[in-house]
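Order of writing sets the labels: A, B and C. Residues in every chain begin at 1.
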């Protein structure tokens, strides 16, 4: 490569970085706006572009949001619920996805199509029947009602199946020749190789349940069981909204999601090539 | 070995699953015996007020327990209905305009005899009209305590600057329009005013228009009054350009308030529930309220706040005591600075305690003789949505008023027919 | 470990059953059964309180049927067709979003410090959900005071009415969708998929003189097929049942129903007007449409 080529490349890279920085500004602006609004005093105009910055800065909004609306308890509820749903989903989905992707049995594709089919079921359809089931089980206002219906999603099965399918058949053949049974195959070969997939599913499931709103709203009506989004909704007054506290709560809602993403991201960067393919 | 190191964390998963099982046991039955559940719309103010009321009731009635159930969000009736369908009915239920939809499903206790037997309630102190809003199939199933109303809010500074006299309480639509035109300032003439004369849309009742005929059996939306309402609304926005186009959204009210606060709107279509917010936003400024203009004189849109008792309550007696307590004691009195009390004596007290300036609460207390309410029929939400769809089509200028109302009329008739 | 030896190529049935069991049990109970219940519900007229009344296929006739009127044949439920059109219109945003996600993933696949930072920043919109963000977009899209129209005005363009106008409300929502989705889960999926592209193949292609586009076209893109298939399938499914949150929080489905999607229509019938049977019937029709679309996509995806 000649020097001028390298210079052109450098210039192009610089332009790309500038463009990407501009893009990053667009995507982060709302979060900054949320923080700015969260720090405003209640009577400062919120929607007025002339008053974007908080003046004076009300750090106590976060404290008020935490205590007044019981966000502390709600935060813990959300954390527990989301973690439980994520753990259960990873476990049951990976087992089922293994059966769909790496085992051979009659009727496999038909059963999978049924799974796939239910992915398409709009939430509105199952809402009432599910609610009636919860009522019959006397699970209204319980952690089971928050966790269990969300823990067997066909989505996870579908996602992991796709990841499991990308694992080269030769590795599996070799393992089988070495006398590995399906369980060993699952534990020692497929799940370790599919760690990026598992991490991805973990992030999605965690984020999904962390922001889940409609279902928790319907199955809980005791404050002690409210998840964060439901508790946040209590800020949304009947006729006028307390924007700063709502935004303070929204910031609290967002932080763990960023944490979850950062954590999961490390996993899929160190994915397949760092794992047992080399080892 | 790399493979072993990468084993999924079985023990952690098992532990979480076990925790899950344990946590599940803590759910238990949703309500202790002897506890009265009181459902009401949630807001910072209401939630605090009802919590205090519950405490006060428990002090006066030893051994009784009240658990307020604030229902959050804007869809109070929908959520309540879902709760009731799940046989989780609250015992005492806050009820307003949605009463008809619930009463028609037979979910409330008949209170007629109890009210009649209780002299302290003195139903004659309440306007018969308002009491009737809680009557279904001839039976009284609820008791009101307060009124929600509409009015016009105006910025006195902008009126003074335009040398415009403040609105008379008996003003006509023509006077209203003339005022709005004189208050509108559009210096660059681009049709987007720097100061709008008015914002917030009109109320069909101001034109004598209504959803259904008096006997509630047929639509009445294709009436000349309704067409007048639509033409007037269109003219405000597109012909005289004194009002920005209205949009149906939850933010519309918020945006209007911001515009009013910042002096970009001289007159605002307001509702009584906005008063606490208005007082806060407009503190130290000069503003006032007045009745909305009307074709046939003064006419307010109105709804009410009241309570009903669920048919499924396990303790009708205590529920009734709680309802009585809420309606007759001072527990909800703090609301009276913006919710006009239904009882006459209390309206007098409201004026004495909360004043006749900034704003002049006589607008609320005297509105009682000029109330217009939507009929509390079953399916009111659906019927109203047919009308508002058509109105929106007209406002978006996608249909002529007459054509849109013909469609709405047919659709409303279909909805009515489906029920019977 | 002896079971593995006796297992023939087709003989995984017992093992498959065991692997499937935990998920299948929960899945049957919490998904399959409610779906069946919903299908049954679509044959009834039920308002949640009075006894359900069996009406056969009447709900479907009301929903899909046409009748002869003085002005010619007219649908029994014109709203359903209009809202189906809205839903399809909004789905036009899916390919754009997917292309944007792929583009971002390609730019950010190397995983340097800078790129990891960008990944996080681009991911932010997809997790800033809830009412706060919707409020911000309403402010951004405000025809008069909104930032977007102010920027357009600088370039000399008179911005449209966005969410307040019948024609521009849907494009406004699509813009918001692009903003929130481009750097979100789809980008993450593509990043994960790109990890599976064998670098030797790319290097070999480069040595053969393939340009950036050639390498993408012949090496990267084929390797991303399963990911693209997955993303498109989910996009289709979500697209058909999408639009609820924005309609619920931002527009109430308006102006004049221009942002009402099928899912919001189902919600209206079920939880505003309490026509549980009719709502279930719409849902069943929606289910059928999605099923056919996905089956076609699946056939295409598993062709190779």
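Note that a residue touches a chain if its C-beta (ideal position, glycine included) is under 8 Å from a C-beta of that chain, and two chains touch if they have at least 3 such contacts.
Being a predicted model, the structure only gives us computed values, none of them experimental.
If you sketch which chains touch which, every chain touches every other chain without exception.
Judged by contacting C-beta pairs, the busier of the interfaces B-C and A-B is A-B.
Separating the CA-averaged centres of subunit A and subunit C is a span of 16 Å.
Taking each chain's centre as the average of its CA atoms, subunit A and subunit B sit 37 Å apart.
Taken residue by residue, subunit B touches two or more other chains at 82, 251, 255, whereas all remaining positions touch fewer. Shown for subunit A are the residues in touch with two or more other chains, namely 47-48, 91, 132, 233, 236.
Residue positions of subunit C touching 2 or more other chains, listed in rising order: 48, 135, 142.
Residues 47-50, 135, 138, 142, 144, 161, 163-166, 249-252, 254-257, 268, 271-274 of subunit C touch subunit B in their complex.
Contacts from subunit B toward subunit C in the complex involve residues 75, 78, 81-82, 84-85, 101, 105-107, 192, 244-245, 247-251, 255, 379, 381-382, 385, 389, 392-393, 395-396, 398.
Of all residues in subunit C, those touching subunit A in their complex are 1, 3-5, 7, 9-13, 15-16, 19-20, 22-27, 29-35, 37-38, 41, 48, 107, 111, 114, 116, 118-125, 127-133, 135-136, 139, 142, 145, 147, 150, 179, 183, 185, 188-189, 191-192, 195-196, 226-227, 229-230, 233-234, 237, 240-241, 244, 262-263, 266-267, 270, 276, 279-280, 283-284, 286-287, 290-291, 294-295, 298.
Contacts from subunit A toward subunit B in the complex involve residues 42-43, 45-48, 80, 83-84, 87-88, 90-91, 94, 131-132, 134-135, 138-145, 147, 187-189, 191-192, 195, 198, 217-218, 221-222, 230, 233-234, 236-242, 275-276, 278-279.
The touching residues of subunit B, when paired with subunit A in their complex, are 1-3, 6-8, 12-13, 16-17, 19-20, 23-24, 26-30, 41-47, 69-74, 76, 79, 82-83, 86-88, 251, 253-255, 257-258, 261-262, 271, 273-274, 276-277, 280-281, 283.
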